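As written, the chain order gives the labels A, B, C and D, with residue 1 at the start of each chain.
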Amino acid sequence: MVFDTQNDEPRHKIRLDRVGVRNLKTFVIIERSGGLRHHFIPKVEIVIDLPADLKGVHMSRLVESMTEVISDEFSVYPSVEQLQIRILEALREKHPFKRGEVKFEFELGYTSRTPVSKKRTWEVCDVTAITVIEEDRPIVHSAEVKVIGNTVCPHCLVNNNGVTHMQRAVGILRVTGPVDQIPSYGSMIDVVEQSFSGKTYSLLKLEDEMYVTKSMHENPQFVEDVCRNILQIAKEKFKDRDLEMYAEATSLESIHKHDVVAQGRALTNGDDSTLK
Amino acid sequence: MVFDTQNDEPRHKIRLDRVGVRNLKTFVIIERSGGLRHHFIPKVEIVIDLPADLKGVHMSRLVESMTEVISDEFSVYPSVEQLQIRILEALREKHPFKRGEVKFEFELGYTSRTPVSKKRTWEVCDVTAITVIEEDRPIVHSAEVKVIGNTVCPHCLVNNNGVTHMQRAVGILRVTGPVDQIPSYGSMIDVVEQSFSGKTYSLLKLEDEMYVTKSMHENPQFVEDVCRNILQIAKEKFKDRDLEMYAEATSLESIHKHDVVAQGRALTNGDDSTLK
Amino acid sequence: MVFDTQNDEPRHKIRLDRVGVRNLKTFVIIERSGGLRHHFIPKVEIVIDLPADLKGVHMSRLVESMTEVISDEFSVYPSVEQLQIRILEALREKHPFKRGEVKFEFELGYTSRTPVSKKRTWEVCDVTAITVIEEDRPIVHSAEVKVIGNTVCPHCLVNNNGVTHMQRAVGILRVTGPVDQIPSYGSMIDVVEQSFSGKTYSLLKLEDEMYVTKSMHENPQFVEDVCRNILQIAKEKFKDRDLEMYAEATSLESIHKHDVVAQGRALTNGDDSTLK
Amino acid sequence: MVFDTQNDEPRHKIRLDRVGVRNLKTFVIIERSGGLRHHFIPKVEIVIDLPADLKGVHMSRLVESMTEVISDEFSVYPSVEQLQIRILEALREKHPFKRGEVKFEFELGYTSRTPVSKKRTWEVCDVTAITVIEEDRPIVHSAEVKVIGNTVCPHCLVNNNGVTHMQRAVGILRVTGPVDQIPSYGSMIDVVEQSFSGKTYSLLKLEDEMYVTKSMHENPQFVEDVCRNILQIAKEKFKDRDLEMYAEATSLESIHKHDVVAQGRALTNGDDSTLK
């Protein structure tokens, strides 16, 4: 006989917002129609709400929903969103919840070309993808890319006869909206890369390095500028979609030990001032 | 002649929520009245909002507000809250803002005694303290302690003839409210330590270890239980204060490679269901 | 005209041991003959020595050696070792060195089965692979797997009437030797998993959890035991190979905030006491 | 009756190099004669060797040696070295070992002045201190400082009409030798700071920023240069001491997503080429 401790009354009847598994690593394959096949080892979080009158969540059912959907044969899914929805749908068959959430964090590789020598390079950025299913609401997805670029200080440049400081910077764009409104990771990466003083490359020959450093000096940007650029370029590029956007720019200051940061939000459609 | 680039019009007129410095390390001394003197090297974040029509924040003024308040003589402050308010007040003299925020992350040492041999031990936990000043609103402070304890699985215990699994766990209590309502870090640490299956110690002699492991087995707790315990014990202990509370329990499962987690919120006063 | 600054005389004529690139992320595909195709995004380090009379290393040639070997068509290599040797050979054509080293750090996914319910699970461990080419010496490779398991305290168990503490643990096996002597990652993972009190699984149904926790209690192990088990099992399993081995076991103590650790070395062939 | 499991015969008689506790946090106070009192919360590792015929180390004795030496009254020690020696001496009374090692990792705050406006700033660097006591050998201490500065690329500068890239960099100096030969942390930090293209400051007013960025452009340095500078300046500054030195410079490239690194070793006295 099995005691279903999870279904006992808890000692303190307090509703919990999010209960589940975290830092779970697994293996998934995604192939967008007509695109490359991507293999990821995402770090996974699956959480659901827990009503005040139940002691616990059946944790193994959360994991099982995922492993069954991935299956023995490594089912290939057309998108991270579709895979995450399938996991939550499978979970709903096994375990009741009002609100369920699946998060994947993974690295995404993409190719680029050096600006002058036109050599092929491999670049990697961080992606976070979250799907939330909530009772009586449409499914919401959130996709975030975190890309490395750089900033050149405009303030020092104008005050110091063209001599300034520059540094590595990190740009983030996160979009949240209905699943069918989410743009591709590639187009989101493009937005962030265009927002820096300059893009970064894994490989630069001398002619590329000269071009890149000159271009950067001609395009000085505060983190505040980079953050606004991300939001504005995304507004234009994704104007036919219905998305809430978050942007962040962090600069690993070369003349300081600390970083500087700018964070903002905007809508692709509608009045940004309605954002709380 | 100095060009004040920060006061230029930005290319894209988008309001930014949070702009400032991050990962700044400094040195502060706190001495609660009648208490021990604590020396911290906090990791500091100072951010303010940026209106849509200004290009940038004068970053050096953010840092200067802090260094001036700390001063050459290492001014001793009675609490982290008071120091953070002073930094924001000093900043307001130098730089306009509608919303200003200072965050400190640091390690806090405290003493304990082993349960049987009564030996003195030193324990360390993580603290995050945030003060927010916003136009036309009272100052809000948030204090968080992150403490290491353990969990023993109640489900396995009842189904497996007393044989179960246990593991290291991490408990978090965060309280948010008016500055004068914030409890001491020590009382918050107590709340979290009482919520686990057992407390952890830097030192345990065999008699302590025997006592501790027996007590843990008699007090099996899911992460869901630990999370609710934190909220309930804090509700009772801080019932005369007006605080919003967040609790989190994470268990570094000994039979899995992943963690399990539970997160919830409650109020010291009033109806928890009003929390969105 | 190009100034080859790297070939200038340095101000201080000091030989440097290791100069190169670090934290470089790229994309590789490995397919062992007859095996699964593995896609990795390794974190790469490529370093060479720098003679006392040269100012610098041509960093772009280090990266180029790798990108050319990976190539536009994602060349598939039969092993990480073969790929790393190709990178160092390509580098030697572009840049002189006495000692060259390539390191990859990546996550490796593998499948397992739960012990009772026989469900398929996905597990992930960390791998570090290093190839060193040095003048007048055979090529040396080092492969390390880092696997999560658990420990059950034997000391508390015998002194406390069968009540003890257990916790998540991390086991490392690193083998170093000629490239053709390196065992498969799978066989190294097996060695480490057999050395713990118990294996960990991403998924366990109740019947598995009962079996696993019972087995763990019947197999109590100090970190010292786990470390020696790794060395001894590897000695037996790889006795026909010529390898130097390093093992480490770390236990995330459930009754302490700190970890306990054991580190040792052994040879597959020959007298361990010859190890300095 | 107590079973001393640790003294049992191990199943596999393999000598272990290092067994003990890790990631233990504690609280120490150091006051150099005539100097400031420093309060640290070091992350501590204490390890000893384990002979082939003993099953385990009595872990609690390692911790106890430390807590007793720190004592209830927070004994103030004149140096980290002296405190670490006391811990190992106390441990030798409780537990036999051939080789014992204590490591502290902590943050060290120090003051600086901005170069033009002469404002006082607070800077923080990372320190690692290790003491090793080994049978029939003199006590050896190793002190390492890790300091943030920057690099300006000399290659791009000369080839690109004075336009170049610069970035945050990290410099490490580690000295190893007899305890009485170890220089102060302050003098080691000076060595590293002088080795960069420029120092970094937590605060810079515009006049400082202009001065700093100009100076950096006049002092371009590869990571190879920074690494050699550290070794050469330390050779001169510490020439009356008997130390083995390790230096490392890492540059967080502003035009790449990866870092570049240089590592080397030297002696304060004697022929560097004798270093293996």
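Simple rule for what comes next: a residue touches a chain if its C-beta (ideal position, glycine included) is under 8 Å from a C-beta of that chain, and two chains touch if they have at least 3 such contacts.
Keep in mind that this is a model prediction, so the values were computed, not measured.
J.: Mind checking subunit A against subunit D and telling me if their interface is mostly the same residue numbers on each side, over half, or mostly different?
T.: Since more than half of the residue numbers are used by both chains, the interface counts as same.
J.: Farthest chain from subunit A, comparing Cα centres?
T.: The chain farthest from subunit A, judged by C-alpha centres, is D.
J.: Sort out for me whether C-D or B-D is joined by the greater number of C-beta contact pairs.
T.: C-D is joined by more C-beta pairs in contact.
J.: Just how far, in Å, is the C-alpha centre of subunit D from the one of subunit B?
T.: 29
J.: Can you give the whole-Å distance between the Cα centres of subunit A and subunit D?
T.: 36
J.: Report the inter-chain centroid distance for subunit C and subunit D in whole angstrom, where each centroid is the mean of the CA atoms.
T.: Averaging C-alpha atoms per chain gives centres 26 Å apart.
J.: Can you pull out the residues of subunit D that are in contact with at least two other chains?
T.: Each of 2, 24-25, 63, 123-124, 155, 159, 202, 204, 206, 209, 257-258 in subunit D touches at least two other chains.
J.: Quick one: in the complex, what on subunit A touches subunit D?
T.: Counting only subunit A, the residues touching subunit D are 123-124, 148, 150, 155-156, 159-160, 163-168, 198, 200-202, 204, 206, 209-210, 212-214, 216-217, 252-258.
J.: Using the touch definition from the top, list the residues of subunit B that touch subunit A in their complex.
T.: Its residues touching subunit A are 2-3, 5-6, 10-12, 14-25, 44-45, 47, 50, 55-57, 59, 63, 154-155, 158-159, 222-225, 227-229, 231-232, 250, 257-266, 272-273.
J.: Under the touch definition given earlier, write down the residues of subunit B that touch subunit D in their complex.
T.: 2, 24-27, 39, 41, 60, 63-64, 67, 70, 72, 107, 109, 119-124, 202-206, 209
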